[in-house]
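You will see subunit A twice below: alongside subunit B first, and alongside subunit C after that.
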Partner chain A sequence: MNNNEFDVIIIGGGITGAGTQRDCAMRGLRTLLIERSDIATGATGRNHGLLHSGARYAVNDPESAEECIKENMILRRIASHCVDETDGLFITLPEDDLAYQQTFVDACRKAGISAEIIDPELAKRLEPSVNPELTGAVRVPDGSVDPFRLCAANMLDAKLHGGQVRLHTTVTGFIREGDTIKGVHTRNLITGEERDFYAPVTVNAGGIWGHDIAALAGVNIGMFPAKGALLVFAHRVNNMVINRCRKPSNADILVPGDTVCIIGTTSTRIPFDECDNVSVTPDEVTLLITEGAKMTPSLSSTRILRAYAGVRPLVSADNDPSGRNISRGIVCLDHEERDGLKGFITITGGKLMTYRLMAEIATDAVCRKLAVQKACETADIPLPGSEEGSYEAVAQKIWEKPSTAQKAAAARMGSRASRIRTRDRLDEALICECEEVSVGEVKNAIERLDASTLTDLRRRTRIGMGTCQGEFCACRAAGLLAKAHGCIDKERDDLKEFLQERWKGNFPIGWGDTLREAEYTQWVYKHVLGL
Partner chain B sequence: MKLQEYTSSSHNFEECMKCTVCTAYCPVLQVNPLYPGPKQAGPDGERLRLKDPFFFNYALKYCLNCKRCEVACPSGVKVADLIQAARIKYDNSPVKWRDRMLASTDFMGHLARPFAPVVNAVTGLGVTKTMMDAMFKIDRRRTFPSYSARSFEGWMGRHEKEQAAFPEQVAYFHGCYVNYNNPRLGKDLVKVLNALGVGVQLLEKEKCCGIAMITNGMKTEATKNANHNVKVLSKAVDKGLMVLTTSSTCTLTLRDEYPSLLAVDNSAVRDFVIMATRFIYERLEKGAELHFKPDFHKKVAYHTPCHMEKLGWGVFSEKMLRMIPGVEFTMLDSACCGIAGTYGFKRENYEASQAIGKQLFDQIKTVNPDVVACDCETCKWQIEMSTGYPVTNPISILAEAIETNKD
Partner chain C sequence: MKFNTVIIGGGLAGLTAGISLQMAGKSTAIISEGQNALHFFSGSLESMEEAPQRVVDLFAQAGISLHYNPGYRLMPMGTFKKSTLSLEDISLFPETKIGNKALIVSFSGYHDFFCGFLQEGLEKQGVQCRVQLLSLPELEHLEKSPSEMRSVQIARTMDLVWENVVREIRILLRDEDTVILPQVFGLKDTSVLSRIRQGIPAQVVFTGTLPPSVPGIRTQMLLKRRYELLGGTYLMGDQATGAHIHDGSIHSIVTHNLGNHFMEAENFILASGSFFSKGLRSNPFEISEPVFGLDVEQADDRSDWYNPEFMREQPYMKYGVTTDASLHAIKGGEPIKNLFAIGSILGETRPELGTGGGLAIRSALEVADQILKQTAE
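So, the complex of A and B:
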């Protein structure tokens, strides 16, 4: 077998691509995943990280709601180290119509979501950050999920099943014979290397960029880029997901995720050429803070870490300008049936929550084409890291007296934390002090998780995601990367890019302590380190 | 879902700029690699603890609570408070008998005082020290403070009428040390204040300020004492009295630790509790006169206790000492002596404690003073034990330098 021949090529390193690769690999296919940037760079890493119970969609989109609750229960089992089982509240505020609560609860129950109306007093006890003026509360099985971890774990499992992953590699064109796609031309964006890869089936899992990929293959899919903006707060204000019990609207979900919490979102249609560089506007920031503080008043006095935006890969069905009414449903297009183009499948629509189901649908389509008959097992077999229960248990099992960094590593990596090298005391030293990431954990990400830049490391370890936004960890991690790659100049550019990217997120909320911190970071890097 | 007892922090950890100056000033970090340092243990750790109390790190017990991190912090973050509050909130391990004994200064003083000569002799014995080391892990190399046979409170009781005769009055929070170990200091303060025309009265039965209970995890007991003390302080303040103190640690506890660590509201009394050296300095500065002995001469080296640094009042003790004719004054470099109350008595901390203090001990030996002046009793024990130089409260030096009608 040539090392450029596969059974299936998957384009896109988001959660859909990673999930599809895992599923294909588990069904015995030889897989290659190509991603032009890094894992989870698109919509996968730019959302709330909400483990939907489906309650949000119950009234308007019962089909999505049912998908969500099923996948919710599956992810708790197979991805326990990526999931935080926080539960969620749907609260009614004085300005909301309390009558909606019953409609909501009925719809939830119909979709199979347990929704329990609780006393507002109990809600305040369960979640002290909630607006004390609430008039109603419903408890649902929402949670939070770390999209980076989930994506990395899927990809890692695909690799453990023989899959290959090529990051920072872009598809420059398709190899086409008549009406059949036979493979792809690619270029590595870091090394410049150009290579061709062949497979009887190619899956387009490019999210919103799937539109362009399809165009490259000569087919058209009408996608609908809808921007959603979010704010990250510097610490965890709430321990339960808080939603507004009303028709889905702007800034009505607050999700606790790891050490922070995230408020969002907005929904604005944007042109395709803005998808690569979305920014958050002052109006969006104001809206998010104002609406967020209605649910959780302390948000108005909590330090904001950064603002970011993602682009939902919705498939347009009508002319609704906001995109809110379009189904978040899954769309799997077999272009042979649709456009007469053989060997090409697009999997899109859907959401982070339903990635596994999307992957299953796409893999079923791939298997049909390849005449492979093997059932999907991804709903039953845990992801690497999720084999053993809670992070408390994992940490206690690996280390007799775990340090805070070791506990944090167990929370990030699950049972894979045992792979962190601790050859000497240096490996135990901290790279990131805010999130407690050790040298050993960073080395592990470089060696085993395909991290080649600082931003790649951030997605795998949380370096630079803490309060200081890279002030201290960036140069330390850059040192490790430079050593691993044997190149200082390239790493210096990487460091500059990383800090620039951190500033991009700080800029829209650049006031108070965040601005002081950013200024201090600038002194350190510009004036002390001469960058 | 997990239910958490603490879902918000009452401390300003988000104002931390991660500049790490606190870490550079932490005396523990320089000698004990097991300690995560003030930034890690304080603001950084608080974020993780809010996520899940599981991230609480038991190495926080190595914090001295010297507050040097807070003095160093350019953003005004209550770093040490964050650490101590975390220990109070999240350290659920039972309080050891040893710690309970060391922390109960009031109770132990009460027990020991009637048998002071015997207790002092026994605690000085090698065999006792070895036994205490083996049984309680109280380091055998420590010298124990001696107890006084008669309490300060008893002495004050006998002089109540005479003190009440002064037209101007202040109240005095003497603390356990003056009451049980060194009534001399209390008497010296009374002598000085009387010479300034001020009479001294006790609070309506003060209790131990509770700092040792706070740092040894006895929150309930500490809160009980705090509530009691705020009550008796209020009575004095309501009468229009200032409350003077001679111990920097008691002062800091009464003023700052009560609200921020025990959530005991002391706002009505806080500003009325001040160090006696500040009160006296301000009097002298305004022109009050004392009669100094003409032939007094002493080479004094002043050590600013960490909690005095935190109060920002070392300058008052310094200036007051400099006003005494015949005092040859040296200001020692700002450094922690390493004892930190009960911390240094524990066997596991002995080495660190002595290593921290080394810089100070070496400087004292170089300066070679007649006496080291210091506003803290535990610093006194540490410096005396580690250098052999006598250590005295600035008030006692002043008392020795003045002449009164009684002399």
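So, the complex of A and C:
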């Protein structure tokens, strides 16, 4: 067997691609995943990180709501180290119609979501940051999920099942024989190496970029790029997810995650050529703060860490200009049936919450083509890191008397944190003080999790995501990367790119302490370090 | 409490003004919140193309020897930067070349000094480099704690054991003509720098680390000591919160710690720094000066405050309080008769005074001279 032949090639290193690779690998297929950038660079890493209960969709899209609550319960089991079981509130404010609450609760229950109307006074006690003027509250099983961690864990499990992953590699064309896709031409964007890979089935899991990938294969899927903008606040202001109990609208979800909280989102149709470089406008920032402060008044005086935007991979159904009325439903296209193109499947639509189900549907389609009978097990077998329950128990087991930094590592890595336990105390030194990331954890991400740039490291370790936004940790981590890769010249450019990427999310909210920090960072890198 | 001059801000600008006035026999007080830009001082004074004897003397009397030698200095990322007036820590070279062979020395477990970048930068210039990491038993107590291997903590230990480092380097040194060390020496005693240079048979180049800056903190301590020895009152950890203004003059200022005891003076100097030091404050709509509510030069539209490219010049860094020809601060379009603004709170509104350290020193001396001239009149 040649080392460039597989049973299935998956294009796209977001959560859908990673989940599909895991499922295929667990069913015994030889898999290759190709990603042109890094893991979770598209919509996967650019959302709230909300573990939807499905309540948000219950009234308008009961099918999605049912999918969400089922997957919600599954993720709590299989991805416990990526999930924070916070619960959520749907609050009614004086300007909202309280009558909607009953419609909402009825729809939730019909979809199988436990939704309990609670006294606003109790809601204030459960979640002190909530607007004290609320007139109604419903408690639902929302939570938060770390999409980077979830994506990395899926890919890691695929690799543990023999899968191969090629990051920073782009598909330049398809190998086609008659009406059949036989494989892909690729180019590594770092080394420039060009290689061909062969498989009887190729899965397009490229998110919004799946549109272009399909076009490269000669088929058309009408997609609808809808930009959503979000803001990250520097403190975890709320401990429960807070939603508005009304028809879904802009800036009506506040999700706590790790040490921060995130408000979003908006929905604006954008042209395809803007998908690679979405930016947040001053109007969007104003909208997010104004609407967010209605749910949680203290947001108006909380430091904002950064602004970012993602592009939802919606499949267009009609000419709705806002994109809000399009179903978030899962779309799996077998291009043999649809377009007469054999060996090619597209899995798209859907959402972070339903990635596992999407992967199952796509893998079922792959298995049908390959006549493989094995059943899906991804809903039952925990992801690597999630086998052993709470992070505190995990940390205790590994270190006996874990420090806060070691607990933080256990929370990020789950049971895989045992990989960074070492006898070398120098590996315990902190690279990132905001998020308490040690030398050992950075080395682990470089050696075992395919991190080749600082931005890759950020997605795997949270380096540079804290209050200083990479001011101190970026150059320390750059030193480690340079040492590991032996290429210092490239690392200098990598450092510049990383700082540029951080600034891109900082300047749209560049005032107050954020501007102080930015001024300091700019001084340090230009005048003190001489970058 | 009544002084001739009350200075808000205890960084380079405030201390230079305070020392100059105390030397002329004026009673002054400095209100300082604590940290300032000297804590990340590169060691070279920006935009000091000339070296006024007065500045060199002022620093020398504080125990800080500045040397004037226009040329290039080695930066921590392995690049070179044009510099002129610098602390004795800083080696200045006539060209962007430091020698033929260099030994770069750091400490194992220390991540705030970038041997790899230095090596790569120098090798591009044709300098052969060798990196050696020292493991000193005296640093073990720092290595044990994950966040202790930082410049100032190491410098405190180096004040005691620098001779061991010299001994280790003498053993390690082969045929290198240059030894590059992190700036973690001479925190308390500057003579250590020259003793290290004498003890190593090669030229020694001290190179910057991530902040805090050891030479910067030393400079701050020495200037503050000089100011206090001259009789100045340095209120550490206090903050000016407001002012009483009558007929276009400041009568007194209010501080956080002193409460109802107002600080009265004939003159007031605002040396509270830029955004980082909270001399300037910003919200989504405007940039303001928090103590007196002075006029601040700025673009009205927030979108114009930034350049989307991180490494480019940032418009917001140029903003500052507006002043008249003699550096009187302006409020509501009118100069305040006895309030001066100096240092980086001016941003780049007074380009003729330079930027960074040059701006701090020039504006401080100019205002001190004016205050002394007034009194003489």
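The criterion applied here is as follows: the second predicted complex is superposed on the first by the 529 of 531 C-alpha atoms of A that agree within 3 Å, B and C clash if a C-alpha of one lies under 4 Å from a C-alpha of the other, contacts with A are read in each partner's own complex, and residues count from 1 in each chain.
To be clear about the criterion, contacts are C-beta pairs under 8 Å (C-beta built on N, C-alpha and C of every residue); 3 or more make two chains touch, one makes a residue touch a chain.
Because the structure is a prediction, the values reported are computed rather than measured.
In the superposition on chain A, A:472 contacts both subunit B and subunit C.
Looking at the shared chain after the overlay, A:129 reaches subunit B, while subunit C stays out of its contact range. By the touch criterion defined above, A:302 reaches subunit B but does not reach subunit C.
Of the two partner chains placed by superposition, only subunit C is touched by A:526; subunit B is not. In the superposition on chain A, A:516 contacts both subunit B and subunit C. By the touch criterion stated above, A:205 is placed in contact with neither subunit B nor subunit C. With both structures placed on the common chain, the touch criterion links A:433 to subunit B and to subunit C. In the superposed model, A:408 makes contact with subunit B only, not with subunit C. Once the two complexes are laid over each other on the shared chain, residue contacts for A:86 go to subunit B alone; subunit C is not touched.
In the superposition on chain A, the residues of subunit A contacting both subunit B and subunit C are 403, 430, 433, 472, 516, 520. Residues 282, 285-286, 289, 403, 405, 425-426, 428-431, 433, 438-439, 472, 475-476, 478-480, 482-483, 488-489, 491-492, 496, 499-500, 502-504, 507, 510-512, 515-516, 519-520, 522-531 of subunit A are the ones that touch subunit C when the two sit in their complex. Within the complex formed with subunit A, the subunit B residues making contact are 1-4, 7-9, 13-20, 36, 39-40, 43-48, 50-52, 54-55, 57-59, 75.
Interface residues of subunit A facing subunit B in the complex, by the touch rule stated above, are 85-87, 126-129, 234-240, 256, 258-259, 298, 302-303, 391-392, 401, 403-404, 407-408, 411, 430, 433-434, 436, 466-468, 471-472, 513, 516-517, 520. Every residue of subunit C that touches subunit A in the complex is listed here, in rising order: 37, 40, 42, 46, 75-77, 79-81, 108-109, 111-112, 114-117, 119-120, 143-144, 146-147, 149, 208, 210-211, 213, 274-276, 278, 281-284, 302-303, 305-306, 308-311, 314, 316-317, 356.
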